[in-house]
Structure formats: structure tokens, C-alpha cells
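See structure below.
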Amino acid sequence: MGGSTFGTLFRVTTWGESHGPAVGVVIDGCPPRLPIAIEEIQRELDRRRPGQSAITTQRRETDEVEILSGLHEGLTQGTPIAMMVRNQDARGGDYEEMRDKFRPSHADFTYQAKYGIRAWQGGGRASARETIGRVAAGVVARKVLAAVGGAGVPFDIVAYVKRVQNLEADVDPASVTTAAVDSNIVRCPDAAVAARMIDLIGEARKAGDSLGGVVEAVARGVPVGLGEPVFDKLDADLAKAMLSLPAAKGFEIGSGFAGTFLTGSQHNDPFYNAGGGHVRTRTNRSGGVQGGISNGEDVVLRVAFKPTATILREQQTVDVNGQDTTIKARGRHDPCVLPRAVPMVEAMMALVLADHLLRQRGQCG
Amino acid sequence: MGGSTFGTLFRVTTWGESHGPAVGVVIDGCPPRLPIAIEEIQRELDRRRPGQSAITTQRRETDEVEILSGLHEGLTQGTPIAMMVRNQDARGGDYEEMRDKFRPSHADFTYQAKYGIRAWQGGGRASARETIGRVAAGVVARKVLAAVGGAGVPFDIVAYVKRVQNLEADVDPASVTTAAVDSNIVRCPDAAVAARMIDLIGEARKAGDSLGGVVEAVARGVPVGLGEPVFDKLDADLAKAMLSLPAAKGFEIGSGFAGTFLTGSQHNDPFYNAGGGHVRTRTNRSGGVQGGISNGEDVVLRVAFKPTATILREQQTVDVNGQDTTIKARGRHDPCVLPRAVPMVEAMMALVLADHLLRQRGQCG
Amino acid sequence: MGGSTFGTLFRVTTWGESHGPAVGVVIDGCPPRLPIAIEEIQRELDRRRPGQSAITTQRRETDEVEILSGLHEGLTQGTPIAMMVRNQDARGGDYEEMRDKFRPSHADFTYQAKYGIRAWQGGGRASARETIGRVAAGVVARKVLAAVGGAGVPFDIVAYVKRVQNLEADVDPASVTTAAVDSNIVRCPDAAVAARMIDLIGEARKAGDSLGGVVEAVARGVPVGLGEPVFDKLDADLAKAMLSLPAAKGFEIGSGFAGTFLTGSQHNDPFYNAGGGHVRTRTNRSGGVQGGISNGEDVVLRVAFKPTATILREQQTVDVNGQDTTIKARGRHDPCVLPRAVPMVEAMMALVLADHLLRQRGQCG
Amino acid sequence: MGGSTFGTLFRVTTWGESHGPAVGVVIDGCPPRLPIAIEEIQRELDRRRPGQSAITTQRRETDEVEILSGLHEGLTQGTPIAMMVRNQDARGGDYEEMRDKFRPSHADFTYQAKYGIRAWQGGGRASARETIGRVAAGVVARKVLAAVGGAGVPFDIVAYVKRVQNLEADVDPASVTTAAVDSNIVRCPDAAVAARMIDLIGEARKAGDSLGGVVEAVARGVPVGLGEPVFDKLDADLAKAMLSLPAAKGFEIGSGFAGTFLTGSQHNDPFYNAGGGHVRTRTNRSGGVQGGISNGEDVVLRVAFKPTATILREQQTVDVNGQDTTIKARGRHDPCVLPRAVPMVEAMMALVLADHLLRQRGQCG
């Protein structure tokens, strides 16, 4: 597996730099005969687009997607689906200073150290623009899950901003809707807290600073049996998927870190006969995964995103020759990545689940 | 990649069930001409062995390892290294009740649902006995890292129990030693807190209950440049590695979830010229990884382990026919997995780093 | 994928050297609930066992297989199946001369050059003993194919010796049986030619020389639709599988090299309506594969095996210091690998087909 | 690994259909800091372009390549290199009849059977247009080999038409040059035979028929030690690479099928001290590979290509409902694929060698 490819059967390869000609994705192994409308892809790309609101980066990109292969008369063919978005508003000039200096806690230094070369404009491959391909692929993955997926509850994924710095929302994963999430620009379905989050992010922006927080996500209608012990456990692959997102620093599933304060007798999820041949659990501290395999309950996870590394304040750093200097970023940056991280988290969750759905079907029928 | 294989170039495949004839591991892609003594493998297996102390399960296994291939006159040959441990004290009878009932929050139900069959004795493949292969392979991975690895600081990995329930230790990752970790049976290098942890675990055991907590780990001397964006980021693969361990529910690197309460200007790690051609950071909130690539600082991570699911108390559950019932586990179980998780966390960290070291050498020379 | 692992979903990893403690295999990704009897494995291992007849090597190995994991009450569990055979009659002393000299056209030189070390006794990992794991895994693969596989014709694989040096057998792939193949020690179902082959091999042995030839194989009852364009075409993976066998130098499917002497109008296989909803072809120059995907006709292939490199005659070579010298092999060697290659070819064919069956089910349902 | 991805470290993913918007490739894992000029890519694409001569298909495509990512100021960055060619002269109308009928021995039937859908215009994904991505990637692979590769002889790959039907050329692999190959439109460096081949192909075209033959290829300057036993042997991966090309039906390395008529004493390649620390072989029946690992001699292989399946004659077939019918292809087709297969074979050889070079560096340094 190369570093730019994700998945075993439903396989996604992204390519492209922030300030290169384009960014894109190739999906290999998609089941045939699924209907895909370009508008569905575009709608999701618009959710992660820069410049979509007052609290995101003001880079202006329409992020118009082109589907280059893999569809025949609106249906997937089972062959690779290639999609591409041209970069338009790439102002490399904003990054002139970064040609010679490393932004603290960004990828500038490590890319240079690893490859001995880097596209210094806009972070190159480390830019969040890379996630365009993931989000586009996530739409296809959801189609797979909807078409092939579990019985009972219809399949659905909803992510939302759970916390910005110390402002934490009250959200019920079992019932939250995408409509509620998208009802405000910070993508927090708790309207009262959302308003305060928006103010807080606005203040950070004015101060040339940035904020972090937590995105929570739920997948409902996940079939029982997804996940491949012992290394490709469902939660292990979800953890990898989430930590592969820019600025992610932590992951937890179900009770997560908080669950470690409980005893086993407090923490265990009792099974019960839910009728109709269904076994369910009274609580869901497992977050829908037991022994690395989905148990049919909601899959609930949380991802910690650090405050954006690029800030408009002077910071100490070194130049490409290793000499001490200072840097004050220009360019257009998100003061808080969380609102735009919501569709990314959803996409990665869909990629993991779709891949495991096909793997389970392959091995176990 | 199959579910029982981990890694791209340094590849580890484990096999075996808790109550089957044996458990083992095959390592493929190991560099040649590394000296491996069976005693080194055995020493590390002894650290994860059951029955090693009063606060672990009392299952008696000597866990004596046999090396079946891949060595020639004490040196690795570059060919697959196969290692095996026979199961000895496998008392399937203790699990008779589990033939028909699912333990809450264990893997019994999901294995049955996924495969339509399961080795009900001792959790089968979901047992912590599976990690014997990982720990044995971890010793070989450390050899790779020591031989090929970074300049300057010698390569080293140290994990330790950071917290049991609400008892948190005060440990400096930069200086902690394995000797300090192994100086007590709970593997917490803060002696005062360790004593209280041991008491707390003892109480839980007496109560037929179990505890969770957090293991912290540090890798020192990691070369700059390890990690393969955008999906196989070093922290992404570490997250997957840790979540693949039994009972793991959360992962964080560097500042992790706590870092989300800071602003960017508080959180960023300033670079400085450390002399001798080395660039370093004043703080290490990045946990040694920036943009998914190691930056030469200590790699520091934490893993949340839930309280052991198998407890000696009556719990509500269902039987294999989906009917409501109760279960009260027998068998020999760890009241707290953390002391034995320490060598597992170290092993998984070594596997990730060794694999990425070879990948980096392959691509970038 | 590591060099000792084969397959994407049905994945086989072999390990072990000729003169090490043991050789073995781990199968990951096997569908659950298939019945496997150890006797079935053993029967097939006996077909490839050394010392089975006057025309094979006289090394005495019982090749008794032990199943170490993955079965529960005689059924596969979906977890890794580990199998092992202890080496018994390993006379390293016969190879003393090879410690310092390279056998011409064997793997001694290249292993030393690649790894800087080698197990010089008996060819180490390059020995045909490595194929024990493949043959054992092939039995399991056939179970997968029989259980999951195609409609209509029952699934079957039959390989046989088609040619030894210039003695070519007349065999109909459509009707050949394993019973006919195993009716003589050279495994050629054309009895008259088989007798002459046996004589010819006997003469070569007496002369301290060796012979090559061609094994042909047919798979019947292969479902339509197996093979993953554009790189993992069914014939491409079969070609790789066969060339991975010791001493293989060529591969062809269907009309192969001979078909290149025909024109398109002579070569094309006309389709016709065979009734019952089946489309078939009048001829089978395609060898059951078109565009890299099985078309439901018999899959027919041929593999060229060179004359055994190890011969009991003096040959020119160099020593480990690169100095000119001569070598005259001792040890026990097959004067012609073809009779024992028959079960190996069958096994590799089964591994490829089983893997593609699961992949097809994963992607296309 | 998905079916459209090839390689372990140097990984190539192709996408695109014959009559879709475009075809392309993504290369992941390329070493950084290699100079790549778009003209070099274009030059090689021109060698495989349709319409390049009187004996190829007359489809008019300029096949102008666009590099979309992975380069920075003319150097590879170590990030994915995406390249694309727009389809221009796609006359879907020529294929109207194929919407409902399957061409004999083409991929129409098997794609329909596998996926339940197919892009019937021009063969869709099974078209030779898919190989554009391979050829473009091959140029990059050669850069890797030239930069990183072996000592002594400079690295070089040359393929050529060895035989068309029964017209066989006399060519010395050790000395053949690309200039000689490209000196005529059939790409056969034996000028006298080339002229006759051109005539023969012209006759077949007039007759609405097609021809097959053999391409031979040599790689010179291959470092010792490439190839990963036991499954990813160098010759095994070469066999897979070649059989993955459209119309390939056979593969042989070194002495191949012909070598099976020799005895071991005739066939073995004696080693000798060639001075300067080099060990060489007197003959090269091994084709540069022993035990699956390169030995430093020229790697020589041959690929059998069947006569083009699409011919302009009436043939018996079935329609999509399985009913007997006839078909007479229209459209523009190669009467013999071999001249255009030459750059494809070279590209696949380069991909295999570059990948194994990086793998060897990764494992063995």
C-alpha cells in the first residue's frame, strides 16, 4: 500500500498539491451499477469548500468536480472512477516567505527533511486541499453502503462539531441530523452553543490566532460483522482514517478516554433480546464495535483537531539553512478547521465502512 | 492486506487461538544479518506472560518461544522468521458457559455474528494470547531500528502505565527508563502512585470487578522523515496499531485531546537551531510528528484501555439463541490489562517505526 | 505485499528453509465454516513428498502435517490457519561443499548477493521444500472453490506432465482425471508415453544429469467473471503464480505461443448459445480467459520447467570469494522436477482461483 | 492491491476508458528529486500512439499528456505524480453494433458477465488506450532505475518485434539498440525481416484479418539482487506484468520453453571470475534471473501476443440476450498489435524493475 492509497477492496488514491494544476482521486474496486450523479459529488465538495462562510479561509475556489472515468450512462462500471478539481485561486505569492522558512508545527520542515524538496506554496501535498479527493470518494462510498448495506435502520453518517476550545455542545448521536448540522456555519447542531462558537472563532481570527476542538461522528445502520481482526479491526482502521486527516491529534471510540474512569461492571454493555431476531445492547459504551467488529449499534467516534498551525502572528522558527529567525504567516487560512473537517470526517468514516463491507462480503459471503 | 497481517515492508502475520495448540507469528521482509538471540525474545515474552504477578491473570503459561525459520547461525537471513509458543494451561472447561452465552462487551457476540462460528474457549482469536506474536516480532523490529536507525540519540522505546482509573502518575517521557518501569508489578515508574495502583487493582479483583486506564509510550532517537502522507502518516499508523490492541478505546499523540483547549499561538512548537546541523523544537506538543512525518523529537503517545470486559459478577446478556439470560464469568482474567499492555504497546510502536524506516529507505534512500 | 505472501483476500504466507527446524504456511482470509480434515491435507502433501518413487529425490521425509490454528471442531473459523511440517531427514553435511561454492543456475549466488548471507544447506529458502506450505494451502483453496464456486460443472483442477524433454503426451484437458494422472509415478496420463518418460528420467539419473519439460493444467467449473483488470487479470496472476515455482521458465494460457502462428480469423473462439442461459465458445484457444476475466470455459495453461540445476557432474563455477573453481554436487536431488511439480501447479492454480473468487464476491456480490 | 494498481513501493494506478473523457495514471512512491521533462513522457507516448504508421489503427489521437501533480520546478517531489491524456477521436458510433453483440475472443462478453454493465464503445477499459498510463509511468520508472540503479553497465531497456506469425528476426539482445528498433515502422531491428513483416501485416489488413507474434525484451545494467522470493520473484512479477498486457498469451524468460529440451548439464550457466570483483556467467540461459533474483546478467524475456481479436470479417457470436448471431467489426483497429506493444513491454519491464529496486533498497539497504 502506498501512502496515498487507502483501503483494501474499496481503494482510494488521492493526488495533487495545493498550488499545483489540480487535485483529484481515483477509486478502484467500486461495485458496479451504482447510480452516481455529479451533483451529489459537487454538493459534498461545497460543504468542504474554502470561502463558504465568514469563519473559513477566504481562498476562493469553486471546486468544480469533473468525472473522468468509471461511469457509463450514470452508473458505476466497476472500473476506476477518476475525479478531478482544478486549482484556481492559487496565490503562490502569499507564500513567498515560506520558501525559506518553516512554519512552526506545520509540515514544511518534515516534508523538506523527508524528501529533500517540497512545494513550499500553500503546504503542497500537506494542504487540506488534498482532502477534496477524499470527500468526493466518500460520496461514492456512501452509495456502496446504502446499496449493499445493513438491514433495518437505513445507513447514515452524521458528523458535527462537538467542541470548539472549551465550548462543548450537547448532541444526541442517536438522533442528530445533517440538516441540524448544516443549519449554521460552524456545523454544530446545538444552536445555542453554535452561536457562541462562531463568536469565539471570530475573535480568534481577529487576534490572528486559531482554535481547535473535537468533531464527533455517528454511523447508523451499520451491519453487524464489519472489521477484520486482529490488525484491521474496524476501530483500528477508523483511528487510522481519522489520524490521517490534517491537524488530527486524537481519536476515541465509544466511551474512549472517559470510559477508563469506570469499572468493568459500570462499563460493560448488557445484551438483550430486542425482538425480531435482533440482539442489542442497553448502553453503547462500546461505540458499536466489540473485539474490532461492528455489533449493529451506532458507531460513535470523536476526533481531536489541534488549533490551526498557520497563524498571522510572529513566531520563532528557523530557515532552510537551520538559522534562527521569525515568521509571520500571510495567506488565507482557517482560524479553526473544525467546520470544514466535518465533511472530511464523514468521508473517511464512509471509506472505512465501505471497504470493510466489501471485505466482509468477500470472505464471509 | 489481510486482517492478521500488519506492515508494508516489515510485515508481521500472527496466528493462533487462546485454547488451540499454539500461537505464533511470521515476520516477512526483515533486513538480513541482524543478530537475534532467542533469549531476547523470551525476555520480552516474559514481560507479557500471564501469571507473572499477583495482579495479573493466574493462567500458568511458560510461553516458551521456538524459532522455526529465518535465522542462520544467529543472524537474520532476510527470509521469513517464524516463531511459535505452545499453549499449555488451556482449561477450556472454565469457559463451558460461554459456549452458549455471550460475555457483555467482549468479542463473543461479534465473532459469532461475523463468522457464524467461534472458538468459544477463552475468546479464541480475540484473546490477549494473540499478542504473543506481536511482542516477539517487536523485539526483531527494535533490532532493525537499532541497526538502521537514526543518528545522535540511541533508539529506544519505553511504555508505562500512566493512569489506572483516576490514579495518574507523574512521569517525564524524556527520561523515563525501562528499569524504572519494571521496578514494580504495575509497570508505573512513579513509585508512590504505583503502590496505590497495585492496591486499587487488588481491590477491584477482590470485588470481582476490573479497571481501565492509560498507557503512555515514548520513542527516542527516531530519525527525521518517517511517515508516508497522506494516509500512512506516522501518527495514523500508530493510531491503527494501538487501536488494534485488545481493550483499546482511544489514542492520542503529543498534546492530543488536551491540546484542543489551547490556541494556535500557545500550541505551536517553535523551531530553533540546536547546533551541529540539528533543528529542534522548544516544546513537543506535536509529539514528534508534524504533517504525519517524524521531526526528530521524541514520539509520545497515549492509549486508553477500557476496564477488562470479563468480570466475575453476574451480568445480563443473551444466549446464542438470542434469549435473555445472565452470565457470571469464571476462568482466569486480568483485573486490569494495563501492566501487561505495556510490552504490547512497545511492540506495536516498534513494528510501526521499523516498517516506516524501511519504507523511507526504499523510497528516499 | 511481502515476497512470501500471495493473494489479496485469500492470502497465503509460507515460511521455512530446507534444513531449518520446519516449514509451514499461514492462510489468512479463509471463509468460515468449511470442513477441513487433516487427512485431506496429508494426502496432497504425500503427492509432493520426496522419496515417493524411484524417479524422485531419495531424501526421506514423512512430511507429517500439524494444524496449529484456525479450525474449530473440524471447521474453518475464518481466522488464520497455520500448518507446519517438521524437517527430519536434513543432512546438512551433504552440502558442505556448497558452503563455499555456488551451484550453477541455482539460487546460491543470488541469495548471497541479495542478502549477504544464506542458508547454504540444501538451498535454504530456495529449496522445493518451501512448496509444502503452498500445497497444504491449495487443499484449503479447493475447498473454497468447491463450496462457493461455479454452477453447472463441478469445480476441479487437474495437472499432469505433458512433456519430458522431447517426449510429449497426448492428453485431453477436457476429460483428464486425477486417477489417470496418479496411475503412474511420472504423473502423465498417457500410459504409453509415461513409460518412456520414466525410462528417460532413469537414464538421466544414471548419467548424473537432469531433464526438464512441461506441465499442463486444467481447471473445470470455474465461474464466469473471475479476474481483476487491468493488472490483476486472471491469466496475469496465474502467470505470476506459476513463475514463482522453483525451476519455472515459461507460462502460456490457451493457445499460448503456438497461437501466434494463426490469423485472427483462425484464432478467435466463436460464441454460441449453449441453451439453459449459457453462452459458450466453439473452440477454447482463449484458455478460458478473455480480457483477463474467466469466460466459463476450461482454464488451460502450461508451465515450462527447466532441467534441475543440481546435477551430479563436475561443473565450472566460482567460490564465495569469486575465484574460479569446480563443483560436483552431492546430496539427494530430483533428476526431473516434473512429477512432483504436478501438485505444486495444482496448488498455485487453486490459490489464484480462490483468491479471485473472493475478490469477485467482494466487489460484485 | 486493487486490480488497477501495480507495484509495492513504486506503485502505478491507471484509470480511464477508450471512449470516456480521458485516460490517466497516478504514480505513488516515486523517489524525490528526479528530473522529469514532459517532453520525455510525450516522446514515449508517441511511440505507442495510434495512427503513427500505415500498419497501425487509424484512430487519430495526439495523446498529448498533461502532468497534474507531483513535480516541483521540474523535479519529482516524492508525492503522487498524476498524468492525463484527453480522448479526442472517440467515434462511439463505430461501435453501435457492439452495444448488443459480443466480439469473439474480445473482452466484451466477460466484462458484461463480471460487472453486469460495460462501456461497449471501443472496448472501454479493455482497450489498449488504457496502456497510455503504463507507458507514461514507464518513463518515470526508467528515471528511477537510471538514478538509483546498478553499477558498471548503464541501465537500459530495449524491446523489439522478434516474430510476426512465422517471420522471425535475428537479433542479439546484448547489443540491440532503440535506434535500430525504431528505424522501421514494425519495430524489428532486423531490417530484412522487418520489410517482410510490414508486407505481411499489410496483406492481413487488406484481408480484414490480423496477425500475432512475439516481442522480445532485454534489460541491461540490472543490479544484482532484485526479486523477492518466494512469490514476488523477479521473473514471476515480470510474467504477471506481461500477461497483464492486452492480447498477451505467453511469457518466457531466458531459455524458456526451448530450454526444456536440454539436459541440466547442457542448460546450466557456468559462473566465472570476470575480474574487478564481478562474477558472471558464460551463458545466459537463466535470462538474468536465478532463484527469482537478478544475477547481474541481461534480463531477457519474450511475450506471445495473439492475433488481434477485432477483425473486419463476419464471425459467429451471440448477442446480449445470448442468441446466436453474426458480427462484422467496424471501427479502426490494429491488424497486428506488436509494433505498438513494444513500448508497452518496455514500460512494464521498467515498472517491475523500479519497484524491485526500491524494495531491495528498503529491505537490504
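Note that the chains take the letters A, B, C and D in the order they are written out, and that residue 1 is the start of every chain.
Operating definition for what follows: a contact is a pair of C-beta atoms (placed from the backbone, for glycine too) under 8 Å apart; a residue touches a chain by one contact, two chains touch by 3 or more.
Since the structure is predicted, the reported quantities are computational estimates derived from the model, not experimental observations.
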Remotest chain, chain A as reference, centres from CA atoms: C
Pair exhibiting more inter-chain C-beta contacts, A-B or B-C: A-B
Where chain A and chain C are represented by their mean Cα positions, the distance between them in whole Å: 45
Separation of chain B from chain C, taking each centre as the mean of its C-alpha atoms, in whole Å: 38
Intercentroid distance (Cα basis), chain B paired with chain A, Å: 26
Shared-contact residues (touching 2 or more other chains) in chain B: 1-5, 8-9, 14, 29, 32, 78-79, 114-116, 125, 229, 364
Complex contact set, residues of chain B against chain A: 1-6, 8, 14, 102, 104-111, 113-116, 125-126, 130, 163, 165-166, 204, 209-214, 224-233, 235-244, 246, 248-257, 259-273, 277-279, 281-282, 285-287, 289-296, 304-311, 313, 315-318, 322-324, 360, 364
Chain B - residues contacting chain C, complex: 1-5, 9, 11, 13-17, 20-24, 26, 28-29, 32-33, 66-70, 72, 75-82, 84, 114-119, 124-125
Touch list for chain B against partner chain D, complex: 8-9, 29-32, 78-79, 148, 229, 358-359, 361-365
